[in-house]
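To keep things simple, chains are lettered A, B, C, D and E as they appear, and every chain counts its residues starting from 1.
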Amino acid sequence: MFDRLPLPSQFDRTIIAGGTVLLLGATPVLVVLAALLVVDRITAPEFVFFLASAVLLASAAGVVLMKNIVHAALCLVVTLLGVAAIYLLLLTEFLALVQVLVYGGGVVILLLFGLMMTNAQDDPVVTDGSQKPFAFGVAALIAGVFIAMALDAQWGSPEAAIIPLPDFGARLFRDFSLPVVIVAVLLDIAFTGAFVNARRADAASAARGEARS
Amino acid sequence: MTSNDGYVLLALMLVPLGTAGLLMLIPSKERAAIVGLTALSSLSMFVMALYVFCRYSFSGDSDSMFQGTLAWTWMENVGVLGDKGIQLKVGVDGIGASLALLTGIVTVPATWVSWKIQNGLKDFFILLYILVAGVFGVFVLTDLFFWFLFYEVALLPMYLLIAVWGSTRKEYGAMKLMMMLMAGSIFIFTAIFALFTHVGAGTFDMEVLIDAQKTEGFQKTFFPLVAIGCGVLGAMFPLHSWSPDGHASAPTAVSMLHAGVLMKVGAFGVLRLGFQMMPDGGAYWAPALIVVGIVAAMYGAISALKQTDMKLMMGFSSVSHMGYVFIGLGTFNSIGWTGAVLQMTAHGLMTALFFLLIGGMYDQSHNREIPNFSGMAKQMPIWSVFFILASLASLGLPGMSGFIAEVHIFIGAFRAYPVVGGLAVLTAAITATYLLRMLAQAFFGEMNERWTGLHEITVMERAGATVLAAAILTLGLWPTPWIDRITPSIIHIPGVTL
Amino acid sequence: MIPLENFLVLSALLFAFGLFGVLSRRSAILILMSVELMLAAVAINFIAFASYRDTEAFSGLVFALFVITVAAAEVGLALGIVLRLFRERRTANVDEASSLKW
Amino acid sequence: MTDIMGNGLNMQYSLLLPEILLGLTAFLVVFADLFSAELKIGYRLLPLLTVAGLVAALAASLILADQNSDFAMLVTVDAFTTFFRVLFCAVAIALIIGSHEYIESHVNHPGEFFALLLLSTAGASFMAGARDLLTAYLAVEVLSFSLYIAVSLGRNDPRSGEAALKYVLLGGVASAFLLYGLSFIYGVAGSTQYATIAEALGGDVSAVRGELVLGLVLIVAGLGFKASAVPFHMWTPDAYEGAPIPVTAYLSATSKAATFALLLRWFAGPLLPAINEWQWMIAVLATATMVLGNLVALQQRNIKRLLAYSSIAQVGFMLMALVGMSQITAGGLLVHLGGYLITNLTVFIAVIHFYNRTGKEQISDFKGLAQTNPYLALVMTAGLFSLAGMPLLVGFFTKFILFQSVVEADFLWLVVVAVVASTISLFYYLQVIKQMYLYQPDGDPARWRLTPTGYLTTGVLLAAVVVLGVWGTPLYEVADHAAAALFPA
Amino acid sequence: MGMQFGMEQVWVLPAIPAVLFVVLALLNPLIPRRGDFLAALGMATVVALVFVVMKDYASVFHGGEFAPEGKNAFSFDWVNIGQGFFTIQFSTFVDGITMVMLPVVTIVATMVIVYSIGYMHGEVRYGWYFAVLCLFVSAMLTLVVAGNLIQLYLAWEGVGLASYLLIGFYWERQSAAEAAKKAFITTRIGDVGLLIGIILLWRATGTFDIQGIIEAAKNHEIGEKYLTVSMLFLFMGAVGKSAQFPLHVWLPDAMEGPTPVSALIHAATMVVAGVYLVARFSPVYAEVLVARDVILYTGLITAVMAASMGLVSSDIKRVLAYSTVSQLGFMFVALGSGAVTAAMFHLFTHAFFKALLFLGSGSVIHATHKQEVESLGGLHRKMPFTAAVFSIGSLALAGIPIFAGFWSKDEILHETLNEAPIAVYVILAGTAMLTAIYTTRLVLLTFFGAPRDHHAFDHAHESPIIMNAPLAILAVLATVSGFFVFDQVGKALGFPGGIGANVFLEHAHHFTEPDYAFASVATLMSLMGIGIGYAYWHGDAKRAVAARGWAPDLHALLVNRYYMDNLYQGIINRVILGAGSLIAWFDKKVVNETGVDGGAQTVSYLGYRLKFLQTGRIPNYAFGMALGVLVLAIVAIGNA
């Protein structure tokens, strides 16, 4: 199993290269945004929003475009962190925290493990399907339609409110106590699923057979 | 007829169903028990049908269209259904009584000739009796839901009956028949749904539906659906394609029942669902029906001229004869309609006889090609006599069942459209041509030595043929009882001219 | 203050990116990642709506929390299945997992 | 207890007794399986335990039938919920009794399998009972997760893994669609409570609002996936074919029914005011589903795949009822759903037993079944004919009622399409029947018998198919009652 | 019954043979001698009853005044729709025309049945033969007493059926089977017209009652054109049944049947049904002169054509058949001239002498088993009695005075001269001479000259008494039946006014003595004919053989029956069967394979194409979903 893990040096290279690219790409955006902020065209939260959005979307693009699986996975980390930043902008620190913990800490590691365990070649390069151009068209159209529809709405200009964490807790564990239970069961199911599939079926049967005999 | 007789009507459906159920319990090996049970059951159906026919009172004092009406609520005041939503409701008019009698008559010989089946006798009878139950149901039920249910019940066993026990291209014939008939049901389905909704009484009770007001536009729209849907089963041109192939591949008893009775269910559907429920639509579309009828009559007859397979010829002949029925219906007058109903009975009897005889011969020779036969009258005289009798009835010889029906249709047609009447009469001459050609080719002339091994048809086949022949002659010579029952029912239908 | 529309546009774009990934990728795991992007977009939506339009009950926040949880669980579950497939076929390429068709 | 908005919360846990029982049984089963060696219990106990739990849940559902209450504004317990609770428990009971031999020999991890079945049943009944988008969503995921796993449990069958992968990945995409749609509905209404959403949407129906329509499109797509509506159906045939047969049966029964329960809840409740926005979508989907499902079914050679397309086609019929949403069509849909579930289980359990004996699942493998096991052939025939809507069987009655109710809602054209499609369906059902009755068996022509439980389940189901076909009144009355709960006067 | 028996009970006449038919057909093997004596006895009874009926009829017939009301009371409703709106009422009707038909039918039938006992001895289906004869007689009697057109049609087809069965009696011979078929179908074509005519008349009058229709027509309740068309259709039936041009082709072929059958059905009775029908409707035809002209010229053409064909035919029975056709043509000429009495009278006499001729030829065939005149000759030495009675019949046919044919043919010629263009008379007289020629030829070739086939000649012998007795009786009738034309004879028999007044009540025709001048011209023509015949065919018929060389084309035309059979066969093969092939092809290829199978295959093919959407690849599936969402969303935007 470990022979399929990328070498630490490769990791280093990736992180360094990625960071460089990120910096190089972000700098102009940063500059433009800073300029806008300076001339007071945007407020400070907006500055953060746009910056985070730019990073987030750029890395999301990386996730779906990168040839190298590991690169894509790392881009995902950046994306999810960007999402956490957006959460912060929406004044929900708790969820941002959850996002960082669950995704940054859990899911991505899980995914990386998955990647490594399923990649037989040393060179983790993937190819994309032949419907990529069409996919691009459809995705673009969908984005357009979604945005058009979202903007079609008369949302008014509501103000975002800060939700106090205790209230949130009360809401979660009192009003939505049943969903919490359900989601617990759900996690249980997911665990079971991961367990039964990751384990060798024949081994499992063998174990059962022995137990029975 | 009193409502107590409604129990007999109910029994007409339940006896065959019950027989099918009982048969399931009998082990396949007990052939004697199967034969005994079916003999008893078929005979009792015949007696009951005859009872219904005789008890039907035509003196004309009853206001109700149906007699012997008896209803059990099945489902009401739920969902789409209002009061009396769906009822198991029986009752007959003169038309139903006549056709129920036809069914009763044909079932008996159909049962008798099937006893010689070797493989799966029990299963055969189970399916056959389900079919019979369906047919009886259609004739005696007066609730549209159950009517349609039994209509489909009559079609349901057809596939297996043909595909398992049939001959030649049985799979093809069975599948085509089934699919076409089911495709026909689409139209009926649609019309029933629309009718229920349009009337809006929340009930499938036919009497209510018949009496209810329906707009003219509705009737004009939905009448053709019924005509097409039921027309498929009635082998209406150009929807007849299943008929020759289906008949050609069906086993004897199924051909008998199918051509003899089931096709009449189609025409009966046009009458009951079409003309009775939507008289205005019927009046509007009657000319189209008559055109289709005359085309079918001529088309079937002319195609039959070139057929060499006896059953195919009879299939096309049936198309032609059912064409007469549609001509009769299209006349929209009482004479033509009486003729149409008589023709249903007449054709039912003679075509059943035909198929019985062809089957009796085919079982031995495994050949139905007319050119392969010659001088069969020498080898199988009794068979030939019955066959000639059936042919003569088919070509409309007076004194046999066909004539009285055809003459009514001709007269009705002349009242409505003399040209059609004339063509119809001419078609009768074409009918004579193909039948007599067949007789001259296959039955007369020198015996073909190839068939010296053939035996006369079996005793049961002879008995069955006798029953049918007797019925043909009775109807031909003394049609009065039928006409007395049919006409009062027809005159009840609004818009029908005398 | 940042208008609500900004978040909606951002989430739509993120969603579309994810969708593009699902449609164009061949690796099961990358598809899974793309799905995660779509779900992240959903979470942004929920939180944005909760913060802007449901400030008293903020059910959307709870919803988003659950979405995150479920998404994580889904990754675990799906990875298990991918692993199993890989064990059986030595590939995580979805195009090669196409013996069931027509 | 009150919630944050000051609404009173009814925390009467007994309302959730059936689901609680199911959950507890699930854990019990897992434990029993886990410690089977230590406790010296055989496999047989697992299905027994499961069925016992299901029966208890069913009984609890019936006991709670008269309740008309809700749990913490999250789950409603009314006639509609009860209808589905009973239905789901019954389906699971029949399925387990009918297929426990199959599960023992062809399913990995039977203990987990039973637990998943129980939990998914609970999830399904939450789908029927939910009155909050969040509960509904989680219930959907509980059911879906269980099924993703269940599909993957085929033993020594590589198709199982592939099917599960397709199901889980596409399911994730569909979830994303659904959630995105829900987020917009939430955004429009500002609440996840059905009742509040209904009020919010009910206020302004004249203006067509993009965000609402977007939400609806995505909900339709997401649930269309769960229900296998064209063009979101594509996972269905593959998953059906790859899954162990009881799972296929479960997919086509409980999963489908639960989705329709949810659809009914949503489209007859919170989304009803926006009917003009979604009606045409459902109509388009229904038409496409009926047509495509039936056409492609004509070309299938594998019985599971055939049944998959057949079930897709059936979805088309059921979607019609949503188009003309009213109490009448909802009642019609519930009737048909009930009839369809019974019929479908009959066929599937017959197929399971056939597979138990032969290990084959191509249509041509059914050759001569009428000779080798006439009883099973009869069961199959009755089931297939019922699916085709032939009379004296429940399929005819339920289809008739369903179609009539849709016509009643002025969608005659849709019904015409449906009837045509239904006629086409007869063709492929007949292909199976043809194999059984017309041909000689390929292999061993010796007669064989079902197991006692096989006779029991097929017998009971067959009886139900026939009896309800001849006397469907109770089913219709119950369904109508349940539908009435959706439309409080 | 005996004392009461009269015109009301005339239904008993057809009933007796009907019962006999049923008994003989069903119980045949159980009855001794296969029931031949039963048939003969039954027929004798019927003859006796006919005389009783005639006596009853005579009793209500006073001085030409006939009041049938109340005497034809027998009737019942067969069909009744709408309380009398549409009824078919079976009834009997007896008048002078019936009174001519009844004795003809029953007497000839009796003779034929008795004769058949000898002639058919030893045949297979011996009993069946008598059964069908009874069926025929029953139907024929029904036909002549029918008061209702539907009833008449029923009987009309009934005699056709009997004819079919009897022509095809020797069905093992393909030619017999074909002939029976041809007879049935050809007459059926005529019947199409008859039925149409009947229905058209009903349409105008609302009744099928013959007298009712006649009354209506006479009262001009029916438009003239309509009536003309109806009556022409009605006449079509007569054309078919009575073998008139152009539907005459079946009758010569019908000679495939046993000879006594030819005598009864195809000479004396059934074929005259057309004459009877037209005579029955003569009051109506009197209203539509166009139709009457059609009848006249049809009859004329037929008479000439058939006579000319009789001149060259070599089959003894066929010559007689052509003769029959020709004589029927005479009758129609008479009817077309309005001379109903003459037509019925000729029908009457012709029945006897033509039956005699046929039965005589039957004796020859019975004795020699040959019916080609080329194989006969000189038989008078072996069969003197037969030769004698045959000669009597021939003289009657040729129209030599004293013999019956002379009187009736003379009547027709006389009426023609008075009522029709002179050309008609000339042609008809010429035809009469032709008749004499071919009759002479037939007698000479059969009974005189040297035997041409010695084998046949050596075996020839006189027939047994059971065959000769009917011949004798018919010979007597062929001689004396012509005298009924005289009022004096009628008066002596109890019919004041004689047969002339009897038959056609409205314009009573009194005949007390012949028009000697006219008669001598006719006689001269006949004698000339005999002379020519003798000149050509006596001895070894050298002149006749030489005559063939004069105009070989004409000879070929006659031998080939004016090529009409070929023409019809061509029409049947090319047109009708062609249409059959075309429609059968259309049905198979277009309706079935293209329409039905094609439809099914198209559906199936659609399924086949669509199933490939299911590629098995996840991204494709997801693409489908995305596309679905996109389309729905775009349409939604479009809707907004």
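Please note the rule applied: a residue touches a chain if its C-beta (ideal position, glycine included) is under 8 Å from a C-beta of that chain, and two chains touch if they have at least 3 such contacts.
This one's a predicted model, so the numbers in the text were calculated from it and none came from an experiment.
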Just to be sure I understand the contacts, which chains border both chain E and chain B? D
By label, the chains that touch chain A as well as chain B are D, E
Please flag the chain sitting at the greatest distance from chain C, going by CA centroids. E
Which pair, C-E or A-D, has more C-beta contacts? A-D
In terms of CA centroid distance, which chain is the most far removed from chain A? E
Rounded to a whole Å, what is the gap between the Cα centroids of chain A and chain E? 104
Whole-Å gap between the CA centroids of chain C and chain D: 26
Length of the line joining the C-alpha centres of chain B and chain D, rounded to whole Å: 42
On a C-alpha centroid basis, what's the spacing between chain D and chain E, in Å? 78
By the touch definition above, chain A meets two or more other chains at residues 129, 131, 134-135, 138-139, 142, 145-146, 148-152, 155, 167, 171, 176, 179, 183, 186, 189-190, 193, 196-197, 201
Shared-contact residues (touching 2 or more other chains) in chain C: 15, 18-19, 22-26, 28, 31-32, 48, 50, 53, 57, 59, 62, 66, 70, 73-74, 77, 81-82, 84, 94-95, 97-102
Junction residues of chain B, two or more chains touched: 179
Mind listing each pair of touching chains for me? A-C, A-D, A-E, B-D, B-E, C-D, C-E, D-E
In their shared complex, chain B is touched by residues of chain D numbered 328, 331-332, 335, 385, 390-392, 396, 400-401, 403-405, 407-408, 410, 412, 415-416, 419-420, 423, 426-427, 430, 433-434, 437-438, 471-473, 476-477, 479-480, 483
Listed in rising order, chain E residues that touch chain D in their complex are 600, 603-604, 606-608, 610-611, 613-614, 616, 618, 620-622, 624-625, 627-629, 632-633, 635-637, 639-640
Of chain B, residues touching chain E in the complex: 176, 179-180, 238, 240-242, 245, 299, 302-307, 316, 334-335, 338, 375, 377-378, 392, 395, 397-399, 403-404, 407-408, 410-411, 414-415, 418, 421-422, 425-426, 428-430, 432-433, 436-437, 439-440, 443-447, 479-480, 483-484, 487, 491, 498
Taking the touch rule as given, give the residues of chain C at its contact with chain D in the complex, in rising order. 15, 18-19, 22, 28, 31-32, 35, 38-39, 41-42, 45-46, 48-50, 53-54, 56-57, 59-60, 62-63, 66-67, 70, 73-74, 77-78, 81-82, 84-85, 88-89, 94, 97-102
What part of chain D is in contact with chain E in the complex they form? 165-166, 169-170, 173-174, 177, 208, 210, 213-214, 216-218, 220-221, 224-225, 231-232, 234-235, 237-238, 277, 280-281, 284, 292, 294-300, 424, 427
